[in-house]
Amino acid sequence: MTKILSVENIELYYDHIYALKGVSIDVDEGETVALIGANGAGKSSILRAITGLRPVKSGQIFYQGQRLDGTPASDVVRKGISMVPEGRRAFPLMSVKDNLLMGAFTRTDKAEIEQTLENVLTRFPRLRERYHQQANTMSGGEQQMMVIGRALMARPKLLLLDEPSLGIAPKLVQDIARAIVAISRDEKVSILLVEQNSRMALSISNRAYALSTGSIALSGNSRDLMNDDRIKAAYLGGEL
Amino acid sequence: MSTILQIKNITKRYGGLTAVNDVSFDVNKGEILSVIGPNGAGKSTLFKLISSFVPATSGEVLFNGERISSLAPHKVARMGVVRTFQETTIFRSMTVRENIIVSHHLRSRASLFGFFLGTKQAKDDEAAFAASADDIVDFLGLQAIRNELASNLPQGHLRALGMAIGLATDPKVILLDEPFAGMNHDETMKMVGLVRRLRDERGVTVLLVEHDMPAVMKISDRIVCINFGQKLAEGTPQEIRENEKVIEAYLGSEDAAIGM
Amino acid sequence: QNATLKIGFVGVTSGPAAAWGISNQRSMEARAAWLNELGGVTIGDKTYNIEIVPFDDQKDPKRAIAGMEKMAQDGVHYVVGPNVDDGAAAVRPVAEQNGIMYFPYAFPKELYTPPASNAILGMVANYQSGPAIYKYLMENKGVKKVAFVAANESDPLSQRESGIAAAQALGLEVVSGNVTYQVDTTDFTPVLLPVIQASPDLLVLSGVSPANAPQLIRSARELGYTGLISTETAQDATVLAEGAGELAEGFISVGGASTPELASDAMNEFVERYTKMFGEYNDESNTKVYALEYIIETLKANPAAIDNVEEYKKTMDTFEAANPFMKGDAKLKYVGTTSFGQKRQVSVPLVVNEYKGGKFETLFVGQVD
Amino acid sequence: MDTKKLLGFAVFLLAVFVLVPLFIGATGRVDFFYTLTSVALLSVGAAGVWLTFYIGRINIGQGAYALVGGYVSAILVTQAGVSFWLTLPLAGLFCAAISVVIGLPILRLRGVYFAMVTLVLTEVARLSALALPVTNGAKGITSIPLPGELSFFGLTIIPAFGSLSNPRIGFYMMAVVLMVVTYLVLWRIVNSRLGHLCRSLQQNEELSASIGVNTAYLRVLAYAISSFFGGIAGAMFASIAQSIYPSSFVVADSVNFMLYCFLGGLGYVFGPMLGTLLLYFGWDLLSIAKQYQLLVYSGVMILLMLVLPNGVLSLLDKKEGRA
Amino acid sequence: MEQIIANGLYLGAQYALIALGLTLIFSLMNVLNFAHGQMYVFGGFVTYTVVVQLGLPFIVGLFASAIVLAVMGAAIEKFLFAPVVRRSKRDESTMLLAAGVAFFLDAVILLFFGEKQRGVPKIVNGVFNWDMRIIMPYDRILIGVLAILLIVAFIAFMNYSKTGRAMRALAQDKMAAQLMGVNVARYSMIGFALGAMLAGLVGGLLVTITGVNLGMGGPTSIKAFLMIMIGGAGVISGAIAGGFILGMMESVGLTVLSAYGDITYLVIFASLMVFLAVRPQGLMGKPWG
């Protein structure tokens, strides 16, 4: 298996806050990797480093064997990396349609964009129903579907998801989890999934990393981690 | 057990949309009551109505038998019904300690003019606030970040700070909107412990909105479930967990395919 | 080597009203340069080069005070300006305390009537030109009904008020007298609609700035108004041609020194020099060539006044000198007894022009006393 | 106040009350008296604007209150024969009172909306002054007498300005006293609970209400204090110019008040004072640039903004690192 | 009555166009561009110079205005606003910069184009007269129609072109737009340039009717502020609505209130303040919280 992404020993600062202290992770072609960890552990920061929203202080990031760090955010998506940011960040005053079309901003092939659009609408029939509705009038769950769809519009090879279950009702969380599984299966996209809902994240991923205050504490096969006592204690809890 | 809050037939319309529709329930003194329901069901709106941040279209809220629905929000807060926000809301360019100190405002006995002149009363107040703020910092375990600028805090700490701000007002009823969102199990359980202590040690009645079911089931004395603005069910965690309507509308069933 | 005689200018040379002050400052500078080129002016037994000390008050009375203070500081005793009522009123205390004579282009009477004594009106006031114009138009064009419009600002509104009073005194019927506009109006049609509907024979644009005049004329004509239009302020022919073209035909305004019937060779040379220095002549400067001339000539008549304005005031009552800008034997002298009870106004010909084919033609010339 | 601050304050007092007059005496630049008087008075108005910034409102309407203050004093002095010294606080109070009436509805607005409404307010004040009978409309009020004597129980505290050989010094002293008092008040507000509450309002109004702050009252209070400052500044100016017109304070003045605050720095109590000094004095000094005056002035302003976007006083930050 | 409405529509069309540029810049950068009116004046002077001084056709002048202003807008954004926005602690700080730019443009206009009122001769002659019920010169009709066409073109551009969509996205969420591949720096600059260009175009259009002078800048900005306040700041439909409403209010007010003297604007301003007190976000603006 070839690595699509490898993050090597990166460090990242916010002013004087030391957010990532030498983190390395990698994602294989076609694989779903989960990233779990406490609040403020630095999960989002890793995604920001990958997408170029924040510069890394040291370390390197490789994507398909090529150096990625230093690429400006607006060019990262051109290389095939899409991100669904924390807190959804839909374009609130735009219609579902325009939101989705924004996802294809870097593409120029009209016909193929149509095709992708069709695929996305088929995958999320809810969006077809709400095609002309303004985004901010939709429920949180619908918006989450929409921004995932928006990310897919770029036809990414690597999809980064930052806490897609945040603030979403349990029933919808299940829907989203199913959608992620299906996307990985159908589109052959590699996925890096950041989640607080560790149970969900571990159950739909191949591998996982647990992050603790800016460095990797544990990593391994998701199924194994699910049964790991340390993970159980810290991230999963007992009942339900 | 006595009733501290009564929500009576409360309704809120935004234009054509009815966000909260004829909801009634009582809250007992010293209990922890959770409000659950799908996204957009009207939970946050309900909290805004209780704290009088938005005026109700009809219906009313009674606090200790007294009507509070049409009072200004600061008056409701003054009576002891205090709300924290869904999006973590803090004073961004103040330090943690400053945030907490300023939030003691309700407890001040000196007038604004007194503060301006720096009267003895004002100085006593300030000293008392500072001491109480340190208390709260200790209570919530925020010692390490007491002098950090709030805008530099991570999510988890922001929430704790939000709670601290709420505490500083010395509330009788506190409304927490999604206090566990974005926390992992470990942190959630710490927070659950805190909320419990809040009730046990300080006698505060707690209302909370949350999507994290394990936490809700663990912490709540009673649960109210809302759907499309209307009350769907009310009961103990056990009753709610088994309520078909709630499962149908909100909880969903376990899915073997994704192992949940 | 000549000594230097500093003459001040405090007025507005930036912002919306810049045109007013700039035409002042430039005509002073053009004249000063010319005089200096001729070897300076001899006052008493000394020859001086004229230096103009300008100060831009931005049409702000607070700044105007600062300007006057600066003049006092620089030892300047003769200042041209300010251009507007509020500035002229605001500098009065400073001028009086520091012994400065100043030449406002503003019309409030209390500036020139006792106990005030340091201000000298630099041009013809509209309460002087207005009656003359209305009378002429009554007699020659059969005007009976008159309407006034003014910008919603102090100067034009005051002028409208005195204009209305003058018209009524002459027995004219004022059919519309309270329509105003904001100076930044871009479309005067709605402004003029009710005025035109009152069907006057004469439309007076009180205190209109050269910027607004073409637009007002144009809108009035386009609304089908066929009567006369006049104003008591100075205008610029080029501006009218560009802004209103043929529609400005017959527009009546107050002119001045460069009017062909009056202009001496010296005046023509002045226009030439001005144009060379600044690229383009401004007809408004016609009313503004005089102040500097009056100052210099009066000082020549009484050299003791050079740093003592009391001497200047004494000279004013009897002062007379040849007017270099006018043909014939016109005189420079101070007038204003009728209006102000003392001689606190420069005597300049009251030239009433009519706009014809891109130029001004003289309708009649009057005199103020 | 710790000793360091006390010392700084003493030095400042010494400078404005003793050194400046000495300097002017030595150099003979008496015109600086008026310039510095203007700076002091404008900085009083700017202090008010700064206070509204402190509660998170952009105020481009201070000119309106300065105008109203000027008229109140002028009308009382000329028509009712009230002593100028009494009209000074009355002008401030009158402005504070109308600012409560105006503020109650408009202080609900935020961001650019509040800014633009206050911008309109200045125009409203000018148009009202033109339209009302009591203001004498377009003709303004002129020939206002100089301030008379202020005495208590026969003890002369301030001599009649008309009797002074140089009323300029009188006005200067008066203006500087006003400025010092204003900034003391401002400093005290900011460093007491009142200021902390204002800051809480600036940062998050909803939260402020939920911790029990009567936000509506606090906003109006701050705005009224601000307008009070505007009113007394305007009254002083009317008395210096001995005249007032509807155009004595216009939109440009309101914008300037705001710019003084920005330039000095919104994060510093003394920002507006410094900002006023730099911008107002700067313009005067630049008159040597002749027709390029405005070009140079605005160019320098732009440059300052590029180099110090948080105000000139943010220079101090780098050295000390503000807590 | 018909005349009042026609006047209002004509005024509204030009106002709306001015407000559009201002609102675009505001929505993209959160900058209240005090210099908008000066840009408008500059546009007018460019057209004047090209048409009257150089004797070229009007349409060339219009294009020249558009291009000069677009370039100027781009430069101002790139070298002034972008760095200040990046480094300042509070959004409002850009106001000082904007005011500085306004003063600067005023100075430049005075030095380049002089203090006089300038105008371009009428481009079409004649007056449309419908039975004395609507009187409207043809050049005004032409300019009005052109303005409306420009508005329509602008809306179409913002709604259906990729660039337009990108700018709307940028206005709503910078970070998300970046993740879609929108280069924030480039598109902010394009947006600013477009806003400035609109200002220049209106200036160029109106110089044939109203002429220009250096004093028009400030008041024009203020009027534009009023319009976007009525409609809701940063909302395109709001700017258009605001423009037409202000145009209509002026037209109606000046006619109906003319008998009462100098109070039209007092009434307009006062009703505006009352309106905003009732509806703080304007007609279509987004409410806070």
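All chains are identified by letter, namely A, B, C, D and E, in their written order; residue positions are counted from 1 within each chain.
In this section, a contact is a pair of C-beta atoms (placed from the backbone, for glycine too) under 8 Å apart; a residue touches a chain by one contact, two chains touch by 3 or more.
Everything numeric here is computed off the predicted structure, so don't read it as measured data.
Using the contact threshold fixed earlier, the set of chains in contact with both chain A and chain E is empty.
Distance from per-chain Cα centroids to the pooled protein Cα centroid is smallest for E. If you compare C-D with D-E, the chain pair joined by more contacting C-beta pairs is D-E.
Seen from the C-alpha centroid of chain A, the farthest chain centroid is that of C.
Taking each chain's centre as the mean of its C-alpha atoms, chain B lies 43 Å from chain D. Averaging C-alpha coordinates per chain places the centre of chain B 72 Å away from that of chain C. One inter-chain figure worth recording: chain A and chain D are separated by 54 Å, centre to centre, where each centre is the mean of the chain's CA atoms.
Averaged C-alpha coordinates put the centre of chain C at 35 Å from the centre of chain E. Looking at chain E, one finds that residues 106-107, 110, 218, 222, 261-262, 265 touch two or more other chains.
Among all residues of chain C, those that touch two or more other chains are 13-15, 152, 157.
Shown are all chain pairs that touch, namely A-B, A-E, B-D, C-D, C-E, D-E.
Interface of chain D with chain E (complex): residues 53, 58, 102, 105-106, 108-113, 115-117, 119-121, 123-124, 127-128, 130-131, 206, 251-252, 255, 258-259, 262-263, 266-267, 291-292, 294-295, 297-299, 301-302, 305-306, 309-311. Residue ranges on chain E touching chain A, taken from their complex, read 162, 165-166, 168-169, 172-173, 175-184, 286. Residues 13-15, 54-56, 58-63, 65-66, 69-70, 72-73, 84-86, 89-90, 92-94, 97, 108, 110, 152-155, 157-158, 161 of chain C touch chain D in their complex. Across the interface of their complex, chain D is touched by residues 26, 32, 34, 80, 83-84, 87-90, 92-93, 95-97, 99-104, 106-108, 110-111, 218, 222, 225-226, 229, 233, 261-263, 265-266, 269-270, 272-274, 276-277, 280-282, 285, 288-289 of chain E. Across the interface of their complex, chain A is touched by residues 37-40, 152, 154-157, 178, 181-189, 211, 213-214, 217, 249-252, 255, 257-260 of chain B.
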